[in-house]
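Presented sequentially are two complexes of subunit A, the first with subunit B as partner and the second with subunit C.
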Partner chain A sequence: MTPEEKHARLQEIFREALDLPELRLTENFSMADCPVWDSVATVQIVLAAEAAFKVRIPTEKVATLHRAGDLLALLQ
Partner chain B sequence: MSAVINAIHYCVPAQRLTQAELAARFGAGPVQSIAKMSGILERRVAPPGVTAADLAYGAARGLLAARGVDPATIDLLIFASQTPDYQIPATACVLQHRLGLRMDCAAFDLNQGCSAYPYTLAVADGLIASGVAKRALLLNADTVTRVIHSRDRSLLALHGDGAAATLLEPASEENTGLRGFALGSDGSGAPYICMPASGARQPRNEATRREKSDEAGNVRTDEHLGMNGPAVFHFSVSRMPDIIRGALQKWGLTVDDLDLVLLHQANRMMLDLMYKNLKIAEEKRFYFMETVGNLAGASVAVVLAEAWRQGRLKPGALTLLVAFGNGLSWGLALHRWPKALLPPVSAQVDYVAE
Partner chain C sequence: MSESLFAEALTRARARRAAQDALGALRELRGGLDGIPDYAATVAAARFLENTTGGNAPAGWPVRRVALIGADSLEFLRPVLRSLAFRDGWWPEFYIAPFGTWRQEILEGQSALRTFRPEVTLVLRGWRAAALPEAEPAAGMEFLIGEDQALVQCATEGLGLVLWPGFDFPGDEAVEELGQEKAVSLRATLAEANRRLRSGLPPGVLWVDLAEAQVAAGPAWEDARWWHAARQHPSAAGSVTLVEAWLALLRARWGASRKVLVTDLDNTLWGGIVGEDGVEGLRVGAGSPEGEAHAAYQNFLLALKSRGVLLAVCSKNNPADAAEVFARRAMPLTREDFAGWRVNWEDKAENLRALARQLNVGLDSFVFVDDNPVERARVRDALPEVAVPEMPADPANFVAALKQRRFFETLAVSTEDRLRHELYRANQQRAELEAGAATVEDFLRGLDMVAEQEPVSETNQERVEQLLARTNQWNLTTRRHGAGELAALRARPDVLLQTFRLRDRCGDNGLVGLWIVRQHPGGDWEIDTWLMSCRVIGRGLEDLMFNALIEMIRVRGAKRLRGIYRPTPKNGLVAGLLPRLGFALESGRPDAEEQVYVLDLGVVGPRPHYIRLPHEAKAPA
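Up next, the complex of A and B:
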């Protein structure tokens, strides 16, 4: 999967978890920007990303996940 | 000689915190979002003045009366809680007197969170096996709602208060009772569920009373319980299945050998993911959180008591108890029920002040 394809797949995951079908995902998109991105959404995003990219994200990284760029970096 | 669980009973406050009350406080959307994942629609909340020890006392009194147990025959009392009556003295000592137990009854507290029940069973099992005790009363209780900030919806929506009392005695049938334990911890995750200003490390002062909000708008101070929900959820679904598989392998068992698998009642989606990962059949699953909430240290004992009340325990069957939570800490206990399985304790569960 190319970085562009990964970005596109992650954007789908964020759109579904946050119920924001028009979301344009950027690296700087963060919980602070988005009132519906709560801890429940973080769990949904992490589990969906682990399944889609067939990776296990370390729990300590999940603990500090506040912006899309944090997750993209882990998936590169 | 192993010990066997011969009775268990639980007690919860009569007061309920409903979805409607939470929605009025925090808005319907966020509250529904949490409920969709947690499966928790109502919580039992202890009113002011009622402590975990009171609920434990209620559970113990109900158990002793229903089984006709003379309090003078109890020679070990363990009170497991993270919301005790006092830092000093041990709440177990206060309960020894209140329950009318003998003065040569060993009584002590065990400080452990949601993983407390297997730890309590393991300690009592060891004391019975070594001959120190013959009849143990184990009290697992917490009033976690008392340490959650009133504007922290992420925790308020999940937790309830409750207590369970367990009667543990030497097994009279061979190969029954507690058959194995697996206990563990990973302190690198201690900050994930923590009440920072709750002991000697961070003394309480004006700064620890200052309110702060997280990105989602949950308010708390350093004197309240805080939880990194995503980290705890992730630890539970990604690490616990491997820990359970490792324990079963050590015991020479597979999930097919288990008749019932009871997990800490933290969150319905979390439990479903764990059951699915372990390939536990539907008929071996059991849930009890929807109407009481996550009962922290009492959770696994209460779900066992409720499973017994609902007829889910069978003579000769093998039950695995799985608990996990703050620390991070986890515990597993394997129990085979006697062929002469006693009926459940059918006393009332709602707390009544005495």
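Up next, the complex of A and C:
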């Protein structure tokens, strides 16, 4: 997967998790500026990203995921 | 399979919502939840729902106040409950207790939980909450049981229907006592605690076997990562299994469990297509793995039948071909195991409607099993009330896919359940008699019906509980008294509870009628409950029951009898019952939630009917 494809797939995951069909995902998109991004959504995003990218995110990273960029970095 | 069902449905639902068709969007979403959605799908569905409805129940949907309390994080369960309850046709209004406050919430009289006045209280605590000393778990057991019993006792008041959990087991514990005679591990201690807590559970509280749910979920039940990161237990995957178990128990208690399984034949009941492979070419039974898998599915159906689930066939085939398979192939199921049989080339939705009429069971009690996605989509679209589980491609997984949904959960299996197939067989005989009779009166007289009346007792209470939980149509008030309430009512001198059995020349219908009347302090009597099983509707048993009621309360000096009709979507059948019996409307408009009627006992005489009592030589009419 190219970085562009990864970004597109992750954007799809965020759109579905947050029910924001028009969302344009940037690295700086964060929990702070998205009220519907709660801890339940984080679990959903992580589980969906793990399934899509065939990776497993370690425990210490799970608790500190607040920005889309944090997750993108883990998927590189 | 399942995942693509949901993803495609969500895409269609979004398109409908974008086109301002909210109702269509919800219908698409509901169909998409008919597989076995994973956690992410339930969260996506819940968010879609809340955004589409603004967080409110869709118009006309039943709303129930549901409290969720427990030892660990509970927020994770909200979306799963939201979306799967939506699939089941109701809308929870939530109270979710703050982390770790569950004991205070139960014990304090003015807690937020109690102020919420829940109709259902779901309690969750995993094995860690037992807090048994690791070095010597058994030493902490007496304290644990004492504390838990005090808590559950306190939870029986004011919290609605309480679902109390047993303990699950630590999934990663290496027990190292495989061969020991007396196990002392944490797991063995928790198993013993479960046994004792369950046997001492107060009546009316429903036990949730968390260990069973854990087995159903497999190793995915626990995910240490989310426990450490967010105090989430069970895992995301495990919470779907848990919510399915909760909902199954609620359906059982609310009389909404499924009662009929309709199966396709080709590539479902057996491997292959009879019209192409021929009777001998079909794979079923020993000889091939595929045949074994279909036989296992048949054995599962046979087990369901023995628990009272009705089986029916709906298949596009030549009737003679299908009959020949049953005549010539040795299979676990025989032709006689099916109470309904629709083998033709007609539309399956139409066939299901015909089966519902023949069996006298609502379509919302049906589960439709078919290997063909086109047929499944057709039935989902035409009959949204029928459950249409997404079936896996491999027949080896049929049984697991059906078990996961827990369609047929019951709280108790009674003798009536085991005999249900005989009952339906006798009903077919009656239908033939009726067709041959010149008038309804001739038919009823020819049946030679005999009724037996007896109070609710230890021996019949289980059946009475079941009637209370399941009877939807011929039911004046639909009050779902549970075991505890029933026992309390039986103990009161001002309450009368009578049951009625009905047999005739075609067979014994079993215990099919119940009324409960109580005396008010002012002297008036009131019908708390009056219900009849759908299998005896139209035989005049209600007239015999009414006469018995009047007689019993007159002996006790009654002058007036009040009757209440509480309309539900299903009990329109008895809307006109009380006026027909001579009751006059006292309050409540015809469309009110509760209509109160009153009957002056001074003017009322016995109703005619065609049923005799065991000691009578002939019926009164």
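We adopt the following convention: the second predicted complex is superposed on the first by the 76 of 76 C-alpha atoms of A that agree within 3 Å, B and C clash if a C-alpha of one lies under 4 Å from a C-alpha of the other, contacts with A are read in each partner's own complex, and residues count from 1 in each chain.
Following the convention adopted for this analysis, contacts are C-beta pairs under 8 Å (C-beta built on N, C-alpha and C of every residue); 3 or more make two chains touch, one makes a residue touch a chain.
Model, not experiment: these values are computed from the prediction.
Engineer: Of the two partner chains, subunit B (first) and subunit C (second), which one does A:A68 touch, if any: first, second, both, or neither?
Structural biologist: neither
Engineer: Quick one: is A:A32 in contact with subunit B, with subunit C, with both, or with neither? Answer first, second, both or neither.
Structural biologist: A:A32 contacts subunit B only, not subunit C.
Engineer: Quick one: is A:T59 in contact with subunit B, with subunit C, with both, or with neither? Answer first, second, both or neither.
Structural biologist: It touches subunit B and subunit C both.
Engineer: If you stack the two complexes on chain A, which partner ends up touching A:P21: first (subunit B), second (subunit C), both, or neither?
Structural biologist: second
Engineer: May I ask you to decide whether A:L47 touches subunit B, subunit C, both, or neither, giving the answer as first, second, both or neither?
Structural biologist: Once the two structures are laid over each other on A, A:L47 reaches both partners.
Engineer: So, A:L10: does it touch subunit B (first), subunit C (second), both, or neither?
Structural biologist: Touch status of A:L10: no partner.
Engineer: Quick check on the output: what are the common subunit A residues between the subunit B footprint and the subunit C footprint?
Structural biologist: Residues 36, 38-41, 43-44, 47, 59, 62-63 of subunit A touch both subunit B and subunit C.
Engineer: Which of the residues in subunit A come into contact with subunit B in the complex?
Structural biologist: For this pair, the touching residues of subunit A are 30-32, 35-44, 46-47, 56-57, 59-60, 62-63, 65-66.
Engineer: Which bits of subunit A are touching subunit C when the two form their complex?
Structural biologist: Those residues of subunit A that touch subunit C are 16-19, 21, 36, 38-41, 43-44, 47-48, 51, 58-59, 62-63.
Engineer: If you look only at subunit B, which of its residues touch subunit A in the complex?
Structural biologist: The touching residues are 29-30, 33-34, 36-37, 154, 188-189, 192, 215-217, 228-231, 233-235, 237-239, 273.
Engineer: With touch defined as at the start, can you tell me which subunit C residues reach subunit A in the complex?
Structural biologist: Listed in rising order, the residues of subunit C that touch subunit A are 10, 14, 18, 38-40, 43-44, 47-48, 51, 75-76, 78-79, 224-226, 228-230, 232, 236.
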